[in-house]
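Notes for the one structure printed next.
Chain nomenclature is as follows: A, B and C, assigned in order of appearance, with residue numbering initiated at 1 for each chain independently.
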Amino acid sequence: MEYRKFNDNYIIRLNKGEEVISSLKELCEKEDIKLAEITGLGASNLVEIGVFNINTKEYNTKVFEGMFEITSLVGNATRKDGEVYLHIHINFGDEDGNVKGGHLVQSKISATSEIIVRKIEGQVGRKLSSEIGLNLIQFSV
Amino acid sequence: MEYRKFNDNYIIRLNKGEEVISSLKELCEKEDIKLAEITGLGASNLVEIGVFNINTKEYNTKVFEGMFEITSLVGNATRKDGEVYLHIHINFGDEDGNVKGGHLVQSKISATSEIIVRKIEGQVGRKLSSEIGLNLIQFSV
Amino acid sequence: MEYRKFNDNYIIRLNKGEEVISSLKELCEKEDIKLAEITGLGASNLVEIGVFNINTKEYNTKVFEGMFEITSLVGNATRKDGEVYLHIHINFGDEDGNVKGGHLVQSKISATSEIIVRKIEGQVGRKLSSEIGLNLIQFSV
């Protein structure tokens, strides 16, 4: 991971073999980012996604391996109990251009990935909702 | 819908049962947002999309029901004749990760949705183009 | 192409027959944009995408013609040897809502396209990596 900050924007380049979620977590910890909007693209050879099952309140996860273009990364960085919490959804296309996607669990970069983390001054927390089964955004932090 | 404003950014959490377009319309009215960029993600059990037919100049709409991850919401808020006008496109993945998408007509939230509305100082209008059949962006407002 | 600048944001409307990459290149040249985040949507009748093959180090390109909603454009503008360099990935849905996507080579607009280019003060370059086969982001410019 290489990056540079321009005002509130972190321009990030991930390199071959690096993983999206763990890299961004490292960035947010190091740079003390508490709240941010995240957008990006890239190329990946392994993507793990989750689809939330509202009945079981669990993510069903699937791993895809191949030659993929990450057609979009959209999400946010917040904090849960002070810890960096990333919530990013991914779309990715295969060699025929067919797009799959879901809640991003992990994505390993095969060539490069370019991500913009736009820091927002402020703080937003997370709290597990037993009703929903997810760590929902909390504004009272 | 719960939200908080941080500088020009509205961080929004939609709850189970709420609908994306009507919620964001309410936000833009209440907060007097005339121009904004919108990005987001979530989980939905009902998505209605339109695909614009350039011959008939109408949207063919389709309703999908299931357990979906909203893999991206990308769009903008403007005004048409003073009224809030939202233009958002959606991608959403099913339980196998297959992604569908189009012009967002409505999406009902099944678990949660997290949207960032970045207000832009300024104003952009809309006007129906009889040639195209759409309410196109107008800069002379 | 019509556009207006509001602070650091260019709100862009592309018209029928215009092409996304060449239009944005023209914008970045004319407005001297060296670094920017790009998001957008639209409707297109022709999309050419590439999927990067990490073995041959070449993009395999495919052209799709039909009635498509551009469900997301996500990317950035940088510079390579002083020249505008756009890196944008696209998702687009067909009449059934099935989404395809990849590295955007070109997309011709059939009805309209609405793109936000958010200029970031600063400069980021590109350099061909012989190892990867791509023009990777370079921060030492």
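FYI, a contact is a pair of C-beta atoms (placed from the backbone, for glycine too) under 8 Å apart; a residue touches a chain by one contact, two chains touch by 3 or more.
Because the structure is a prediction, the values reported are computed rather than measured.
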| item | value |
| --- | --- |
| Subunit C against subunit A, contact positions shared by both copies (same if over half, else different) | different |
| Superposition of subunit A upon subunit B: rotation angle, C-alpha, nearest 5 degrees | 120 |
| Between subunit C and subunit A, distance of the C-alpha-averaged centres to the nearest whole Å | 21 |
| Residue list for subunit C, restricted to those that touch at least two other chains | 39, 72, 74, 91, 99 |
| Subunit B - residues contacting subunit A, complex | 2-4, 6-7, 9, 11, 13, 16, 39-41, 43, 45, 67-74, 91, 93-99, 110-112, 114, 116, 118 |
| Subunit B residues within the subunit C interface of the complex | 35, 37, 39, 49-54, 60, 62, 64, 72, 74-76, 87-91, 99-103, 120-122, 124, 132-134, 136-137, 139 |
